[in-house]
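Some structures to go through are shown next.
There are two complexes below, and they share chain A, which is joined by chain B in the first and by chain C in the second.
For the complex of A and B:
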């Protein structure tokens, strides 16, 4: 394939949104209240919309029989390169919002840089997505503060969620070979340069929410190389079921 | 890249027959999602842009455009474009009025929008009684483009179309 680095680079962006969108979509009809249920599924829909644009572009690069659907549904576990953070399960609402917040802050910083890419398709997707993701970040930030600075129970649950998800944050700033190649060409975003800003934004919200900033320096990684946590196989079996049971089905 | 629309005048009355499937009182022209429509060799080329990336209405809108153009005697090709990104500024004054009449509060400017969604300011007008004594219930409403509000005077719940710039 020509442009193999660009193809892999696009998957690196889009897989995060696909898997997070799938996780949020699992809450359809199961949110803690009607409003939060609808909010989570709306964010899921935004992410899937963004994913379609990325995968359509990737399919064009790949050529042959590739479509947005084959890329989304017909890959094996090791071929998905999303970060571990987004595949973590919905243990409770604090967990879901902490996962969302820790990703949203990164996502917005990332898109702000991707807008400056030399690739006009990526620039267009970034400019479109950034408007949506700003709303996601407002929503999740609001819940970090409400639960963190809420009752003793909500505070403790949010602290526990932040503490256990913290270990997945560092991976957001790791670079793959495709990332490095795309940064060199002025197409990709240098994520290592976002790290300091990311933690300062996150820490400021945690402080306002009366939450302790985790001190652990031990971080998990692997997703970007296709090595996932035990949750991932379950996500795929759920997500790919229709395509595997009824190959080539369309809506 | 331009934010100007390029629509052949004879196509306007035809395209005005297509409405947003989620807001049936609003034509896609008043919504501002049709960015260009030109006739070349008897084929109409239409470019539409989504309000939100995941807007499930776009496929239906594309099919509906094909149908009305077919009835008018044209074959057509529909293309979904992302740039420049859609903004609520492209909703026409007639579109804003249609929204309000339908029970959806039209989008405020960017600063005022922030004030109501983040700072709890009460300025969104109730679509039922006109009072501004309204409060945000949830940042996401029945679709991603709307937020849920409630009027504290008449108690009516309603949607507010969020500002997108």
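For the complex of A and C:
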């Protein structure tokens, strides 16, 4: 493939949204209240919409029989390069919102930079996505504050969620080979440059929410290289079931 | 557990249960600039800010609106259906209160 770096770079962006969208979609009908249930499904649909644009672009680069669907559904586990954060399960609503918040802050910073890319397709997708992701961030930030600064029980649950998920945050700022190549061409975003801003934004919200900022300096990594946590296989078998049972089926 | 304790236990439990339910809010959406806000429905939320966010997600996700109002349902004073007779029926036989006795030019719309 001619544009292999660009192709891999696009997957690096889109896989995060695909898997997070799938996680949020799993909550359909299981949200803590009708209103939050619909909100989570809305965010899921926003993410899937963005994912379609990315994969359609990737399919065009790949050529041949590739479509957005083959890229979304028919890869092997090691070929998905989403960060570990987004595949973490919905243990309770605090986890769901903590995961969302820790990703949203990154996602928005990332898209703001991607707007300046030399690749006009990526610029266009970034511009369209920013409004949606700004809302996601507003929504999840609100819940961090509500639960963190809420009752003793909600505070403890949110603290536990933040403490557990914190270990997955550092990976957001690791550069892959495709990242480096794309940054050099003025197409990609230098994620290492977002790190300081990210933690200062996140920490400010945690402080306002009366939550402790985790002190652990030990971080998990691997997702960007296709090495996933044990939860990933289950997501994939769920997602791929229809395509495996009925190959080439259309909805 | 003594009966008195048991009673206290359930009383406390009821208090907790009742505070668990978020209050009800009425949602009004303006679909276009220039039009009035219309009642769209109701939802539960812990406070006004959450009510606005929930209203956005529940009622305006298909581009239905340009402005949202929320008001807590308990703040609405409603007329009592039992009083419908005295409130509304006296108007029924007073046709002269309706402006139907003069011709409208065709060019006048939306009357």
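Basically, the second predicted complex is superposed on the first by the 251 of 251 C-alpha atoms of A that agree within 3 Å, B and C clash if a C-alpha of one lies under 4 Å from a C-alpha of the other, contacts with A are read in each partner's own complex, and residues count from 1 in each chain.
In this text, a residue touches a chain if its C-beta (ideal position, glycine included) is under 8 Å from a C-beta of that chain, and two chains touch if they have at least 3 such contacts.
Keep in mind that what you see is a predicted model, and the values were worked out from it rather than measured.
Engineer: Once the structures are superposed on A, label A:38 by its partner contacts, choosing first (chain B), second (chain C), both or neither.
Structural biologist: Touch partners of A:38: chain B and chain C.
Engineer: So in the superposed three-chain picture, is A:146 touching just chain B, just chain C, both, or none of them (first/second/both/neither)?
Structural biologist: second
Engineer: For A:132 in the superposed arrangement: first (chain B), second (chain C), both or neither?
Structural biologist: A:132 contacts chain B only, not chain C.
Engineer: Let me test your reading of the model: by the given contact rule, A:14 touches which partner, first (chain B), second (chain C), both or neither?
Structural biologist: A:14 contacts neither chain B nor chain C.
Engineer: Should A:66 be classified as contacting the first partner (chain B), the second (chain C), both, or neither?
Structural biologist: In the superposed model, A:66 contacts neither chain B nor chain C.
Engineer: Just checking: does A:124 make contact with chain B only, chain C only, both, or neither of them? Give me first, second, both or neither.
Structural biologist: In the superposition, A:124 contacts chain B only.
Engineer: Which positions of chain A sit in both the chain B and the chain C interface?
Structural biologist: In chain A, residues 35-36, 38-39, 42, 135, 138-139, 142 are touched by chain B and also by chain C.
Engineer: Spell out the part of chain A that touches chain C in their complex, as residue ranges.
Structural biologist: 33-36, 38-39, 42, 135, 138-139, 142, 146
Engineer: Inside the complex, what are the residues of chain B that reach chain A?
Structural biologist: Within the complex, chain B contacts chain A at residues 50, 52-56, 82-86, 117-118, 137-144, 148, 162, 164-165.
Engineer: Mind listing the chain C positions that touch chain A in their complex?
Structural biologist: Contact set of chain C toward chain A: 22, 43-46, 49-50, 53-54, 56-58, 61.
Engineer: So in the complex, the part of chain A that touches chain B is made up of which residues?
Structural biologist: 35-36, 38-39, 42-43, 45-50, 52-53, 120, 123-125, 127-129, 131-132, 135, 138-139, 142
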